[in-house]
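Read from first to last, the chains carry the letters A, B, C, D, E and F; within each, the first residue is number 1.
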Amino acid sequence: MKPTIVRTIPRAAAGAIRALGDLGVATVHEAQGRTGLMRPFMRPVYPAARVSGSAVTVSCAPGDNMMIHAAIEVCAPGDVLVVTTFSESTDGMFGDLLAVSCRAHGIVGLIIDAGVRDTADLTAMAFPVWSKAVSAQGTVKATPGWVNVPVVCAGAAVQPGDVIVGDADGVVVVPRLDADAVATAAQERLAKEEKTRARLKNGELGLDFYGLRQKLTDLGVRWVDSAE
Amino acid sequence: MKPTIVRTIPRAAAGAIRALGDLGVATVHEAQGRTGLMRPFMRPVYPAARVSGSAVTVSCAPGDNMMIHAAIEVCAPGDVLVVTTFSESTDGMFGDLLAVSCRAHGIVGLIIDAGVRDTADLTAMAFPVWSKAVSAQGTVKATPGWVNVPVVCAGAAVQPGDVIVGDADGVVVVPRLDADAVATAAQERLAKEEKTRARLKNGELGLDFYGLRQKLTDLGVRWVDSAE
Amino acid sequence: MKPTIVRTIPRAAAGAIRALGDLGVATVHEAQGRTGLMRPFMRPVYPAARVSGSAVTVSCAPGDNMMIHAAIEVCAPGDVLVVTTFSESTDGMFGDLLAVSCRAHGIVGLIIDAGVRDTADLTAMAFPVWSKAVSAQGTVKATPGWVNVPVVCAGAAVQPGDVIVGDADGVVVVPRLDADAVATAAQERLAKEEKTRARLKNGELGLDFYGLRQKLTDLGVRWVDSAE
Amino acid sequence: MKPTIVRTIPRAAAGAIRALGDLGVATVHEAQGRTGLMRPFMRPVYPAARVSGSAVTVSCAPGDNMMIHAAIEVCAPGDVLVVTTFSESTDGMFGDLLAVSCRAHGIVGLIIDAGVRDTADLTAMAFPVWSKAVSAQGTVKATPGWVNVPVVCAGAAVQPGDVIVGDADGVVVVPRLDADAVATAAQERLAKEEKTRARLKNGELGLDFYGLRQKLTDLGVRWVDSAE
Amino acid sequence: MKPTIVRTIPRAAAGAIRALGDLGVATVHEAQGRTGLMRPFMRPVYPAARVSGSAVTVSCAPGDNMMIHAAIEVCAPGDVLVVTTFSESTDGMFGDLLAVSCRAHGIVGLIIDAGVRDTADLTAMAFPVWSKAVSAQGTVKATPGWVNVPVVCAGAAVQPGDVIVGDADGVVVVPRLDADAVATAAQERLAKEEKTRARLKNGELGLDFYGLRQKLTDLGVRWVDSAE
Amino acid sequence: MKPTIVRTIPRAAAGAIRALGDLGVATVHEAQGRTGLMRPFMRPVYPAARVSGSAVTVSCAPGDNMMIHAAIEVCAPGDVLVVTTFSESTDGMFGDLLAVSCRAHGIVGLIIDAGVRDTADLTAMAFPVWSKAVSAQGTVKATPGWVNVPVVCAGAAVQPGDVIVGDADGVVVVPRLDADAVATAAQERLAKEEKTRARLKNGELGLDFYGLRQKLTDLGVRWVDSAE
């Protein structure tokens, strides 16, 4: 239970990480059985933000960003910082200086269940960040925490080395050992969706080709011509 | 009380619907006596989104979008889907596939007191959507609901066939039978506002031409030169 | 305790106000000891909004914007309206007409712990506004209030004449008499940050040059190579 | 659309109103197809509060209780006041004086999508109240509204004369014309639940007698002995 | 701006403090022009809690209760601790040990815009506490703050030595120098209310004796006999 | 990833479970390094509720309680149900019938990150429940889920078999393998607190015996006699 920084973590294969990022949050979330999604209050700092990478997890005291500094040292290029606090906070724990430091170490993005600041700079740098809040509220460096232990971030459990995917729809966590299987399942899903899209574009109804017309009847729904 | 899908609804005149859309949410809301506005948590998926059309109402189980599929079949070109859930939900009940299907059937927009996903696609398609949340959370198709019954959406009562107007300021509902009268009243209001705008631009004070100076005095407000 | 409108307020020097605006919210907030920040729910109507100016404070009944009209008369060019309500409200108390009037009188921005509307117009006019909500909900002009008394706005105490700084990170209040000292301290901070940024860009770690490595050790944090 | 006070409303039969009150919110809500429930933020001022009666609806400006005074005059003994505001408010619009007045006129309870005060007095009087908030915030009597028009209260549509049932579980609205049918259906449900309760008390599983064991298997759920 | 502990504060007269406590929150709030009320999320830990006393203000880092310890030393018998945090927090910063210490020093209650714990003990001790949350979340003693400076607590500005009144309806702040005048005005109000209560009990209508019937007519409200 | 019900789980020793329950949430949370606490929105249905037991975890679709029925079968006497939903819900997924069934199977309590109903019955039965909401909203039995897999409940990670402790201060999770050590550490803490309580009762200051006076000085805090 003592505050600890774990230096090395296992990571998924780079190919799977890249593939998951290309597939996007909604498709990946569906492909892994609708699990792993963070709460919808996690929003990107700029709309075009996209990321995929290996989670380096950070657990901080509220209003204290000391452990983010400690975490940067143990990151490898391609990692994503996943930051939580012991209790809820919206303080601006991360800004342009930390983003410059992250970029210098190859860190590709930040997921933080708290606040960030210097958002104009983060946008100008195109450093992708998902947070619960934008806040200039400054933080201290006073209380120890943890790096690379299992955390809960925005309602999702994250293990160090899990794959994080973020885009305009939010953030999803793929367990490291499932990364390949989920990427494959998601690609199949995408191909199938492409066919569905073509049929829907043609005016076919989901009601028909998902078999919902019969299902609704079986469930006792009735169709009437008008309200009277 | 049995789950029901109503196939045909009355609609307002196309001219009134178009006029209300051109007038915009704030003006229409004022013109009908400051009624009919949905709660301010309803936000457009992209800032330039604008819509006006006839409401096809949909009442779904939380986390279940089956009835949206059922609703598309009964829509006519120019309709707007107005979707609610039996209890509060932020799940992503609508995404790019459903938007493609909507567009194929002439549906011009979506108002949903829940979540949506694939927001980058919705923006690229310029399919206007107002929602309570953006969330990739997937949904099932398991529980029956209603199409084209009176609903409450984001705090506003909506009858099937009511006129829905949405823009950057939110969403307002105009009762179908009031559409013409409200459009006329709103146009008059707009003309009057144009004159007010010119006077304000010239430096005249609302304090004076709204008669507030006297009113404040009557209400006992005093003017003093400085705090002491 | 009687409703009162105070006509004249003291103001900080124009140079300090301008300097604080150039420095931005996060830097100014840090430079004055991490005080004076409004709650993070205060968001700009458009992302590029920036403002600095002298606070003219307005305390209104919820859903009633009469006192904003009264406040415009007592503003001087360069002032910022700071509007609160007696109890929480998200109503759209300010829109394009009031913005036109503000601009005619040289008012440079609005901070409102309530709602605004006509946001497309405000954006087109580039009139900077920070608010708790966007809402078309119309308001009345019925209940008296106060202009230029001390208020609490979005959790921050504001005195008439305090300097208000707003940007993408939120809104900060600088006590009028501290404006020069804070501007100076913030400029020093900025210069120091510039050096820090260069070192971080070079790959140096905050862990090292903030002395956190030793501190973490002193606090009992241990480094381990892997989770086992 | 002009502010209006409707003097007379239709009411359900006293027997049905009493029966629905005895059955309680959860049972009534189930018996009418899981519809009509107000949002769960509506809480009783004291835990033992229970009410059933005919809705007299009131639509007020936020922070303004003038229309509650107007509504009391048109109430009959056995009525329940159902109060909403044009936009969200938590102000204390109702306190012990209004409760004394209500009691003098035979009004049996209050449902208010806003705040109340003097809660110690309301409890001592055993006057049942469900509200969104407890707040001492005082209100004005300045802006007109409506009495006995259709309203939306805490997410539920209410027509004047609908039956309101409130208890520790919240508040449910029964459409006036359905009152008898719902009361009968609810009594049947209660009888059935009594049998279910006896079986569950004996250790039988809902899994078995609701037929869920087979359903789960059909839906692809698998049972395993342990996590490995 | 440097963290500071102020040892001595001015206080209102004991008689006025006692009188304000006897009058209660709603009456005091009305008597001082409907100002000074804290937000309604401030709730007593047990329903019968009542307090009045002189404010000793404390401004803490979120998740850090060190300054509460510092504040106890400078309190006099009859004081009320008023605790805020630099940014929003619900952590349990105060529990039974601190309550024991408070009682030993004659402190009569706690108002905290954060969380408390050991609520069963606080109730058993009858130590009155109003808080935003109940949370067992532990806190550190690491970051300096302020004692006896002006603070904003739950939306209300508090000066050291102001009179704090708390009961089931919430918490109100009376500026120290106004304590006598407000107590007198509140007593007059109470006497008047007593007469109003008697008339209302007799069935007289507020509509009549507040003159609202005429006012509603002047404002354009119409009475109709039924909805048709 | 397929929906699964795990029949058997490991459990902590009965003695440790009982001891942790006696110690209470705040003490246990502190003793395990301030970890494992659920969010403070989890509140007991009645104030005197207390529980400790082994977690049987349940993951349900929002608005669907089918998996709770499935979970009861695999519970042993002394277990506590820990229920979450795939996405946020306040629906009343648990009521008196399920409580009767739980009691018949020796289940000692319920922790649910959603809503419950029949709260008067639950209180009368003294069946301890912690929930996010009280809501009569009925649920379906349509969508499969999981029993006895790792879950996140109200922000805390829970493994099947972890020890759950609940009281008036909230809910804390103790990892199964840590149960003995945490119970021992908590008992030591309690003993120490007893001595602290005695000293505080005597008027000693935490400022002194926690060594905070020196620490504050070291951190640069200054004491002044009065505000000027």
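Annotations
Please note the rule applied: a contact is a pair of C-beta atoms (placed from the backbone, for glycine too) under 8 Å apart; a residue touches a chain by one contact, two chains touch by 3 or more.
Please read these numbers as outputs of a predicted model, since none were measured by experiment.
Listed by label, the chains touching subunit C and subunit D alike are B, E. Interface of subunit B with subunit F: the two copies contact each other largely through the same residue positions, with over half of all numbers used appearing on both sides. Of the two chain pairs considered here, C-E and A-E, the higher C-beta contact count falls to A-E.
If you average the Cα atoms of subunit D and of subunit E, the two centres end up 30 Å apart.
With each centre defined as the average position of its C-alpha atoms, the distance from subunit A to subunit F rounds to 27 Å. Distance from the subunit A centre to the subunit D centre is 40 Å, each centre being the mean of its Cα atoms.
Counting only residues that touch two or more partner chains, subunit A has 2, 34, 37, 86-88, 90, 135, 137, 143. Contact between chains, using the touch rule, shows up for A-B, A-C, A-E, A-F, B-C, B-D, B-F, C-D, C-E, D-E, D-F, E-F. Of all residues in subunit D, those touching subunit E in their complex are 2-9, 66, 69-70, 72-73, 90, 92, 95-98, 100-101, 103-105, 115, 117-120, 123, 133-138, 141, 143-144, 148-149, 160. Partner subunit B is touched in their complex by these residues of subunit A: 25-26, 29-30, 34, 37, 40, 43, 47, 167-170, 172, 193, 196-197, 200-203, 205-207, 210, 212, 215-216, 219-227.
Contact residues of subunit D toward subunit B in the complex are 1-2, 32-35, 37, 39, 86-88, 150, 152, 155-157, 178. The part of subunit F that touches subunit B in the complex is made up of residues 61-63, 86-91, 135, 137, 140, 142-143.
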